[in-house]
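For clarity, chains are labelled A, B, C, D, E and F in written order, and residue numbers in each chain start from 1.
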Amino acid sequence: MAETRVVKIGVVKNGNLGACPVLDLIFDERADRDDVDFRVLGSGAKLGQVQCVETMEKMLAFQPELILMISPNAALPGPKEGRDMIQGIPTIIYSDMPAKKAVEELEAKGMGYILCGADSMIGARRPFLDGVEMSLFNANLLTVLSITGVVNCIQDEVEKAVAAIKAGETPELPRLVLDMETAIKYARFTNPYAQAKAMAAFEIASRVAAIDVKACFQLKEKEDYMPLLATAHEMMQVAAKLAWDAREIEKIGDHVVRRPHHREGQLLMKKGFMDKEE
Amino acid sequence: MAETRVVKIGVVKNGNLGACPVLDLIFDERADRDDVDFRVLGSGAKLGQVQCVETMEKMLAFQPELILMISPNAALPGPKEGRDMIQGIPTIIYSDMPAKKAVEELEAKGMGYILCGADSMIGARRPFLDGVEMSLFNANLLTVLSITGVVNCIQDEVEKAVAAIKAGETPELPRLVLDMETAIKYARFTNPYAQAKAMAAFEIASRVAAIDVKACFQLKEKEDYMPLLATAHEMMQVAAKLAWDAREIEKIGDHVVRRPHHREGQLLMKKGFMDKEE
Amino acid sequence: MAETRVVKIGVVKNGNLGACPVLDLIFDERADRDDVDFRVLGSGAKLGQVQCVETMEKMLAFQPELILMISPNAALPGPKEGRDMIQGIPTIIYSDMPAKKAVEELEAKGMGYILCGADSMIGARRPFLDGVEMSLFNANLLTVLSITGVVNCIQDEVEKAVAAIKAGETPELPRLVLDMETAIKYARFTNPYAQAKAMAAFEIASRVAAIDVKACFQLKEKEDYMPLLATAHEMMQVAAKLAWDAREIEKIGDHVVRRPHHREGQLLMKKGFMDKEE
Amino acid sequence: MAETRVVKIGVVKNGNLGACPVLDLIFDERADRDDVDFRVLGSGAKLGQVQCVETMEKMLAFQPELILMISPNAALPGPKEGRDMIQGIPTIIYSDMPAKKAVEELEAKGMGYILCGADSMIGARRPFLDGVEMSLFNANLLTVLSITGVVNCIQDEVEKAVAAIKAGETPELPRLVLDMETAIKYARFTNPYAQAKAMAAFEIASRVAAIDVKACFQLKEKEDYMPLLATAHEMMQVAAKLAWDAREIEKIGDHVVRRPHHREGQLLMKKGFMDKEE
Amino acid sequence: MAETRVVKIGVVKNGNLGACPVLDLIFDERADRDDVDFRVLGSGAKLGQVQCVETMEKMLAFQPELILMISPNAALPGPKEGRDMIQGIPTIIYSDMPAKKAVEELEAKGMGYILCGADSMIGARRPFLDGVEMSLFNANLLTVLSITGVVNCIQDEVEKAVAAIKAGETPELPRLVLDMETAIKYARFTNPYAQAKAMAAFEIASRVAAIDVKACFQLKEKEDYMPLLATAHEMMQVAAKLAWDAREIEKIGDHVVRRPHHREGQLLMKKGFMDKEE
Amino acid sequence: MAETRVVKIGVVKNGNLGACPVLDLIFDERADRDDVDFRVLGSGAKLGQVQCVETMEKMLAFQPELILMISPNAALPGPKEGRDMIQGIPTIIYSDMPAKKAVEELEAKGMGYILCGADSMIGARRPFLDGVEMSLFNANLLTVLSITGVVNCIQDEVEKAVAAIKAGETPELPRLVLDMETAIKYARFTNPYAQAKAMAAFEIASRVAAIDVKACFQLKEKEDYMPLLATAHEMMQVAAKLAWDAREIEKIGDHVVRRPHHREGQLLMKKGFMDKEE
């Protein structure tokens, strides 16, 4: 039996986005895959130039064959300097809407990107945001991204690249700006009302960004920004609930899509709970 | 004005636990803290010896003053070899119940530990677990940990160590096995029924482990293990809902505890929404 | 005892908006008020020029002292021709966001206006919208408007004009474009999280408009517009639920604001359920 | 192509009932129908003889071919004097249970009627009912009427009359007293439990009337009537929730009945979300 | 110390009512009371004359000092024959609304009674009612009775009789027909909206009887009675939910009334969760 | 036609368990069965030796052909003395987990048993448990037992014994310790997610026992045991909700299993609401 070709994948996390917690895990959800080897490097909540350069240096030392970079606003100087250091390694950037300003540069560099509208900024003001509020916002956001197609999208697009690399081909990298209509297709809902609830969840989550930006950067008075912060986080919470409602409908119809990885790396698929994944 | 003493903190993640996504973020939730510098290194879903040794090597090169290690079952050979490499650096292990087997060794090494009963194993069988199911389990688990006191506990205990290091003292490290009664104290609920709902959430989440262990390791037939996997994940989902119910009650009474960090590192506290954190 | 001065108020409804059902009723909620006399004239769902002119002609025959006009997009030719016919009668226009194009004209005419961001367009496509779907959208929308401050705003602003007319003064007319921050002040919430839920409801309802406009006017294929229509109506439904959640919190605290009219017309106020309105 | 025969329909609203907001709209839900022309005349919350006579005078001036009259308790002198003025125009009365006293008279006049048990009286006492409470009661009631078959019944029965008039025939007018069993047939549920929930909603809504009548007319002390008023409105709220539960079940099965109007007036029908209406 | 006077109480259950499961237990909820001794005798689901006479014979052999009799429709021949056998023992009948026909007889016999409007008949038709449906109906009904004051009422009134017997006095027996207004007073709610929800629950539960009577005794065709049965049980389910909503509000305010028995028999009371019962 | 053979069944209840309220009723849910005659004898909340012996004496006087005994912890001296008195009558014990200590003895006596893990001890401490809290715990527990297969299990196993007795055969008696996996099979769910929710409900209910045992017997301080009691009852409440969620899913799919008794005693079965039981 031929030895499995193992692809070395580096994940660089600077600052936090909703997809951060699972960006590596969703490619090896049961830790049993033989054909990929992940290294994850991060600088915590910060994404200054120092941090971004340092993490990239260490990552390049690992000699990855594919790099996934994730950061809020990839158009900021920190993430940009990080990716300026990459030479000849296929790279996919996952970021949010402000990163649209960097699209031209990314395309010029031949990098792929997935910019996700629902991956909204958190309400980062001291009288509001502590560790628990932050964790809960991220749990809600992760729920939305999981159910509305974003997690599926990242999986599908990155796996295409991995497969090409395994096959010795040059991977075609994604160039995607995800709104509710593009994201939802990856989720493959069966029930149209479940799909509508998921789309609504995506849309509501997407609106959080503008409110938090206003509350964090434009308003000065606590009396003004506090209500907006609470509003934004309530919206993310209701978006998560709505996303769950969507998934529950698919459960009731017994057609939850499951796309587990085969041990050798293929993305399988099944719908009925007791069906075999294929 | 005196320059801020910056503490270098290394976070090592091998494999995944519920607290992984936020183990670094909860110490700098708004990315504005001047007194800490985090580096995060991880090996993705895997925690074999190769991965654990390699990530620790890189981490030690960063010369951290405090190390946080997180992995499922810290008693496994991988995590153990990783921590065997640490010399003279204060270290806190966060892990789950199977790690209780390593407690003696950890204490002998002078390491601190927080072992959390609610941070249960996921239902890792291919016909059930794909990227989306995995993300959702983690989002639910993170919700439970956030509301039932676990996130607060990690914050409190690690911050004590950081403060000691900043003061040039030898930090006292935690030795904690969290069950619902020990965890809940860190959450500082006001309403007794909210607290009871949170404790119930912790307890239900804790029961997930035994079911998933049985389904993953003891049962062979799909007909036997699939119902258990679905049951375990339903329990985590209902635990997350119950935790949210608890928090909503505190919102209704306007006494949600918030413990944001001051820019200079102190853990502040407030209850009323428009109160000042102090 | 002096005879009550009765103010004759005409309400003109062309086409339908969320506030239509109650625009007259909220000024005399128990049908026992002695100081106002309402006439309501409408053209059903249609707001062409013929209908708008005819209803205004009839309304002017009633010789009202105050006119309230309500229609979607007050910048359309129909409503504009209607209001062109008004001479020297204080008039307040209630409309939605597209009516912002008419603001200059309204101000030039000395008319007041309340344009409400949450009063979004319905999903008017035949394979989706029937009588029941339409009624339900309106019930949800009315719920949002009632709880988030819009109904209170209309009441407050129109009552000011009525009081001036009763006093023989020239009324000052409102010039308001309602977003979540301006509307919510009229609702006078006590609990900050209840207020945040209500603001979130307003914001979500406001987003419905853009989606329905795209689905109704920009997309041609049923496969494309149907998912958007369902999404928009799910959003309005979840906005209504969230608004109710907000009100339930105020009930739990026993501080629901109630502003009933005195029989002689004053707008009273109370909070505790068994309090006296004053 | 033959010119469309346009039927002139007059809607007279004296006082308020739950079906008021949509009595005109449900016949032209997308404002695109060519074969009907509606005029709506109302007297706001009041239904005294003066108001009823005046609105009917104006309505007759419009020379409608079909008149829909809606008022609470059509047996009151006001509505009766109004309809006494009608000569030779087909007329359908929509009212509530107290109107049963007028049935003999209506039949003697050859008028049709739909008396709806669920369209219950509101809790009209000053310490309880303000504009917001009133709007919310109406939103809940409209929800119940929409889902439990009442809106469908009005549509079906009125459309039969319109079709007859278009065809130059004498319309057969409905003689219906709606209880949960007669109403539900018009809603055409597929799932039996959804139907049961809708019937329960209708029944609960119907019980509100007796409680509000007692609270408004029989009890003198605030301590006595306030609890009843709150109870009655809680019942209408839970009835609305139950009605929504019923509709959600039909969504989950993807067999929501939709009965949109064709542009030329036919009432079409579809069930599956992406089906074609026929 | 004087020996405790132990009162012998006999509970006779013929057929089933909602209060049956707890009629004995609510007087000794922790099985630690020294001053009462209960015997319970029942004939299962049946309440024919044979069964009622036989159970009463056995009960009288126990020589109880107080008899509680519970059965549906105490006006039926079976229960009547049972109570005809009682001579000189204070007796309290708990039954439902049809038992009102027996009130005169009961009063003539000097017996007390509590007839409860919410304790409605079950939907007893074979294609609908099996053991599970029956159990669930009873669980829902018991929930309603517990929260809306009925359980408290039975406790209060029976304890008065027990106390009199202990004191060697002739007990005054209750003569109560419970509707929502009389029952709710025993529940001692603090929040007025919680109370309203509980009253609504009682009222909805009360309406179940008429529907089930129609479905069980008046309708012949399965197509006719099945929808009514499902409706009635949905109503009981929603009543139970509403009752829980009421109790949750009292939890949120931390003023749940608790009335535990002292070991020596006194009915104590407390509100705050950590308060002492007194 | 041959006369029906009537089996005399005695039900002995000492102390209270969750299944107590319906242990007799589930065999004759519509009180119309001709082939069984039940007598029920109980000692209320207490299960001391005096009470158990006395109730058994009376029961034996009835000369039952089958005895069902129900009590908490059947290994206690009271219940044991009770069953020691039985000679040659087929007997089935229903009890909870502590009764496992009596299994050997039961088998030696040739008695059947069903020990149910979910039938957990109540939180019996005076500052917490009053009549209402006790009733609600039992209502929730009964809900869990009804939906998760326990009621079906008792029915199936007891009916087998009854059928054997009717046929003049020696009944085979059950020897069952019910955990979530054994119980759920009796419930015959169609939807796998509904089944998982029911299993989760069973498991959560089962965990209540350990917490209440600790709170009632091991902890001394009110500050320590009160939070545990509230937690345990919240768990039972959420278990009941989850069980209902499971049943609602089966309703939505219209495949609720119903197993009504034929008048002559057979246990029939149906799934579709309008199907015929067979």
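Here is the rule we go by: a contact is a pair of C-beta atoms (placed from the backbone, for glycine too) under 8 Å apart; a residue touches a chain by one contact, two chains touch by 3 or more.
This is a predicted model, so every value here is computed, not measured.
S.K.: Which contact partners do subunit B and subunit D have in common?
M.R.: The common neighbours are A, C, E, F.
S.K.: Using the contact definition stated above, find the chains touching both subunit A and subunit F.
M.R.: Shared contacts of subunit A and subunit F: B, D.
S.K.: Same or different for subunit A and subunit B, where same means more than half of the interface numbers show up on both copies?
M.R.: same
S.K.: Where does the C-D interface recur among D-E, A-B or A-F, taking recurrence as more than half of the contact pairs being identical by residue number?
M.R.: Answer for C-D: the repeating interface is A-B.
S.K.: Please compute the C-alpha centroid of subunit B, do the same for subunit F, then give the distance between them in whole Å.
M.R.: That gives a centre separation of 40 Å.
S.K.: Hey, how far is the Cα centre of subunit A from the one of subunit D, in Å?
M.R.: Chain centroid spacing, subunit A to subunit D, equals 49 Å.
S.K.: So the centre of each chain is just the mean of its C-alpha atoms; given that, what is the distance between subunit C and subunit F in Å?
M.R.: Their C-alpha centroids are separated by 57 Å.
S.K.: Where does subunit F touch two or more other chains at once, residue-wise?
M.R.: Residues 192-193, 226, 230, 252, 273-274 of subunit F each touch two or more of the other chains.
S.K.: Run through the chains and report each pair that touches.
M.R.: Final set of chain pairs in contact is A-B, A-C, A-D, A-F, B-C, B-E, B-F, C-D, C-E, D-E, D-F, E-F.
S.K.: Mind listing the subunit D positions that touch subunit C in their complex?
M.R.: Contacts found on subunit D: 11, 13, 15-16, 20-22, 24-32, 38-47, 54-55, 58, 124-136, 138-140, 142-143, 145-147, 151-152, 155, 222-223, 226, 230, 237, 240, 244, 247, 257-262, 268, 270, 273-277.
S.K.: Write out the stretch or stretches of subunit D touching subunit F in their complex.
M.R.: So the residues of subunit D touching subunit F come out as 191-194, 249, 252-253.
S.K.: Could you list, by residue number, the parts of subunit B that touch subunit F in their complex?
M.R.: Subunit B residues touching subunit F: 180-181, 184, 192-193, 195-197, 199-200, 203-204, 207, 211, 226-228, 230-235, 238, 242.
S.K.: State the interface residues of subunit A toward subunit F in the complex, per the touch definition above.
M.R.: Listed in rising order, the residues of subunit A that touch subunit F are 251-252, 254, 273-274.
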